[in-house]
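Letters A, B, C, D, E and F mark the chains as written, and numbering starts fresh at 1 in each.
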Amino acid sequence: MWTFVHKMGSPPWFYRFATIVIRWLLPTVLLALLAGSVWGLLYAPPDFRQGNSYRIIYIHVPAAVVALAGYYVMAIAGLVSLVWKIKMADTAMRAVAPVGAALTFVALVTGAIWGKPTWGAWWVWDARITSMLILFFLYLGVMALFEAYDDKAAAAKACAVLSLVGTVNIPIIYKSVDWWYSLHQPASIKFTGESAIDASMLYPLLLMIGAFYGLFALLVLLNMKAELLGTHRQSAWLRSELR
Amino acid sequence: MYFESAAAVWHMEGHGPYVWAAYGITALVIILMLVMPLLRSRQMSRAIHTEERRRDLAQGRTSEEGQHAPEA
Amino acid sequence: MPPELGLFLRFQVQRHLSAALRRPGDIFNPLVFFLMVVTLFPLGLGPDPEVLADFAPGIVWVVALLSSLTVSSRLFQADYEDGTLEQLALAPHPLALAAMSEVLSHWLLSGVVLALASPVFAAMLNMPVQAIPTLMLSLVLGTLCLSLTGAIGAALTVGLRRGGVLLSLLTIPLTVPVLIFGVGAVREAALGYDPSGWLALLGALAAGGLVLAPLAAAAGLRISLEL
Amino acid sequence: MTPALRQGSLLTLADVSLERGARRLLQGVTLEVGSAELWQLVGSNGSGKTSLLRAIAGLARLGVRGAIGRSDSFLYQGHLPGLKPLLTCRENLRWHGSGRVYTEMQRIDEALAAVGLAGYEDSVVMQLSAGQQRRVGLARLWLSDAALWLLDEPFTAIDLKGTALLESRLQAHCSAGGSVVFTSHQPTAMDGLQVLDLNQYAA
Amino acid sequence: MPPELGLFLRFQVQRHLSAALRRPGDIFNPLVFFLMVVTLFPLGLGPDPEVLADFAPGIVWVVALLSSLTVSSRLFQADYEDGTLEQLALAPHPLALAAMSEVLSHWLLSGVVLALASPVFAAMLNMPVQAIPTLMLSLVLGTLCLSLTGAIGAALTVGLRRGGVLLSLLTIPLTVPVLIFGVGAVREAALGYDPSGWLALLGALAAGGLVLAPLAAAAGLRISLEL
Amino acid sequence: MTPALRQGSLLTLADVSLERGARRLLQGVTLEVGSAELWQLVGSNGSGKTSLLRAIAGLARLGVRGAIGRSDSFLYQGHLPGLKPLLTCRENLRWHGSGRVYTEMQRIDEALAAVGLAGYEDSVVMQLSAGQQRRVGLARLWLSDAALWLLDEPFTAIDLKGTALLESRLQAHCSAGGSVVFTSHQPTAMDGLQVLDLNQYAA
């Protein structure tokens, strides 16, 4: 186990590892996304209350779930980089932020589109929507901080501190937004009950959630590879790797 | 297949524009996120190659000779 | 032979306060600013007293948050620019302690003063009288949380040019719970209920922040010094 | 006391190399400073003097490689004097960023007099001239009891009389067993001065 | 032989924009900041869409005012601190022209960008769609007025430490008309009436400001340089 | 051209006195600078060199008494270099605060090369060392066609080679008929240098 962690920390080893994983992951993920979408769009039955608009769920929920998990991945990478000073963790953290932000963006936009036929409004200040928006802000903060530093090593350290602070705060934020919503006696808008979902609707959803996790990993690895090419352009291992 | 015709798929009983817009935007974002690092990687490795060639030329070597660079 | 930690903290706070007292404007200006921004809301929202009273807790708290952000963006700026920060980083005392003294002085000069002046704002916005003690207490606790959060952001951005908006970007999401708890407490009190639950939450945030935020700020300051 | 410090010396650099941004600045810097030594770092603009002093003080760690050992009792004074513009000279000296607090007002006034600022004790630092502000910062050298002094361009903006004064202070510190490492572009004529030219380590 | 005035203005604006484009964050960050602050209001005032729609013009305008103030407080700061301002004051061109170029670049990078993004905020606050063109136009004109006013305050406070809050104190009272006209226009449009009267007022303010504010700012800058 | 300027000279000070705060600094300063002259202002720290230069340039008017006549074609360079930290060396020189715009990139690159910054043309100024930043500011002297140069401590933070370079530039300017008034604490050995000691005018 430790040797594996150790190896992951070495850029040449990681570069080769990522190249191999990407070779397998890319077709798998694309295929799964395609299959899940076709299944969800064409074969799953419509929801008895929302009709066909519910088909958005097959991208909305996976994006939301993975975006949330992504923040923890980023924070763990930050912790590793601060405590064990492993350079690859810096790179990982740098790579997660834009992917997480993009997925959060997808969740928000698909949610907004879904909201129009369902609630008649593009945006409602529901507790969960609001906390997703705040998660989006947290990602944007990390990205903006990274941009603002010229020295990328220092930037990674700063982002690590920020994402750790954010992680401590996320549960509090979620809880507080829930309380905020109940404090104001919410309007009659409610999500559809989650337990009511039928198996014929659930399986494509599970497939899509899996596919989005794969997509997340793929995008992070691609970003990390690009980052390695930039930061290690002087090193001999990279030059021999590229021939 | 739940729908009878391609037109029905498109229309989705009035919800078509919403559903397709959502999937379209998502596809766009995914493609962008895939293409950006790939483009960056390609740009980088091309830059490294030209730099390498320039240096090899400056040292009066052919690029074949430089192939056995020692591991760092 | 370095002095004791408590003495260090005391001298630090003393230094800040004496510099601030040399310019009393530094204390009064934020209050006047606050007052002006609070008056902007009736102008923007319409002067109906019923409506204002209903939303007074929200207005006061949003303005408190924004003004705290504005001020704390420059928390470590002067120390960074004149080299004091370097010296603090090299000192035998933990840097977190220096950061904490900075936060405490800032809070005494802004948050506590604001809380003391808040009954005036409450009156301007027709807030019921029974909510005023809660308003003051929640502001005392809440502004401490805001200053602590602001300190983390300020530490991470102090070495950067144009840190201004960036700081708000980093800290606003983190301050959402403070806003919610603060508004919750004042609203509950205005409706005649017991606000102690919300106040306890604010207190817990402040206590946790007092322990963790100086550590995070110190880590941020060390990174900024590397630039 | 950092582990890499050799017995009896105040500062040891063993094969230190520095990087800034992506550029290698210095390579293989080796130096041993015992007690009662006076070192001037020279080197052309951009050769890495400031970066090296900051690395020695422990302010910069990213991009620093090699072993740096340094006595714990040291004083670093960089380009920036660490003065609060709104406080008076006395108040500024009373309290020092390093956490030291000098409570005897008499010693502070003596230090101010030593740097030629008698009569300015209660002037607000903001209203002093460039050189006078530097002098307030240098007054700290008269109050310090650290063994190793690391000074980045201490002679900047100081007039001729002030330069002589500062030189004699540095020499007095050495006579008392302390050591000084400072940077300066001007050639100085102090007894026992040793010069380290950083240009020779340029990477 | 100094270049023509127009060329001077062009180069000045070009210099600002190229420095900003080096850091795209300088353009995006204020937008995100704005989005965040807009989010704070539902959190403070409650999520009821009716209420939010009612308050939307006021909220957007108060936020525009505050964010414009925050940013413009540092309008001349960098130029003062690095000595560029001295050079501008000694230049053969009128200093007012330099001040104007500073204001225009700032406005292009903040106000205009903000106006372009405002439909998103309108949607988030449930503002009726027919009010959106008015919102955008009023923001374009109004932020120009705000930048101009901010420039006068920034010029007067640039030599002072901790100018931030002082600046707001000086400028908030001057910006009240902008707020009232802006909110008036958007409100009128949201109710389906013709907002052109309010917009004309805003336009008049902007035109007058464009002539007078640079002169006042230049005078302020000369005073600040004497410190 | 200010009215008090005598015919054929670039700068005339007639019985100028300066006040700062409530304190009289200088009294009765009289000076006439013709063309092709090189003047060094000396004086101890706080004697009023910076204040006098700013008064000459027209930046300070409060507390300045007496007649100051100065050629309109002048260049003032104070303590602060007026560089934008986020712009590159080239961009910084391309545009100058005085409103001058240099569009020929070749001249800019030549000026940068002259101050030893060849290769740094596209580096962002923020990432240069203290002396390198000063050099970017000084590169403006290679681009200037003003007759009278007013320079406040131009030799600060510049290394020995840079000092020699700058000295030769100042002399070249004089040979071409221009004049320079500068402050410096270091004694410099330039041909035809005249020294004005402000201590003698202390009030």
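The rule is short, and it goes like this: a residue touches a chain if its C-beta (ideal position, glycine included) is under 8 Å from a C-beta of that chain, and two chains touch if they have at least 3 such contacts.
Note that the structure is predicted; figures quoted are calculated from it, not measured.
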### Summary
For chain B and chain C, the contact-path distance works out to 2
#### Entry: Contact distance in steps, from chain A to chain B
1
## Note on the structure
The chain pair with the larger count of contacting C-beta pairs, comparing A-E against E-F, is E-F
### Query
chain D to chain E: how many Å between their CA centres?
45
### Query
Distance from the CA centroid of chain B to that of chain F, rounded to the nearest Å?
54
### Query
What whole-number Å value describes the gap between the mean CA coordinates of chain B and chain D?
53
### Query
If you average the CA atoms of chain A and of chain D, how many Å lie between those two points?
49
#### Entry: For chain A, residues contacting two or more additional chains
134, 137, 140, 144, 148, 150-151, 154, 177, 180, 183
## Note on the structure
Where chain F touches two or more other chains simultaneously, the residues are 79, 85-86, 124, 126-127
### Summary
In chain C, the residues touching two or more other chains are 23, 78, 161, 166, 169, 172-173, 176, 180, 183, 226
### Task
Mind listing the chain E positions that touch chain A in their complex?
23-25, 28-29, 32, 35-36, 39, 42-43, 46-49, 52, 123-124, 126
### Message
Please output the residues of chain C touching chain E within their complex, sorted ascending.
### Response
23, 25-26, 29-30, 32-33, 36-37, 40-41, 43-46, 55, 57-59, 61-62, 65-66, 70-71, 74, 78, 161-162, 164-166, 168-169, 172-173, 176, 179-180, 183
### Touching residues on chain D, where the partner in the complex is chain C
57-62, 76, 78-87, 91, 95-101, 124
### For the chain A and chain C complex, residues of the former touching the latter
82, 134, 137-138, 140-141, 144-145, 148-151, 154, 157-158, 161-162, 164-166, 168-169, 172-173, 175-177, 179-180, 183
### Message
Taking the touch rule as given, give the residues of chain D at its contact with chain F in the complex, in rising order.
### Response
20-21, 42-46, 48, 50, 79, 116, 127-132, 134-135, 153, 156-163, 185-187
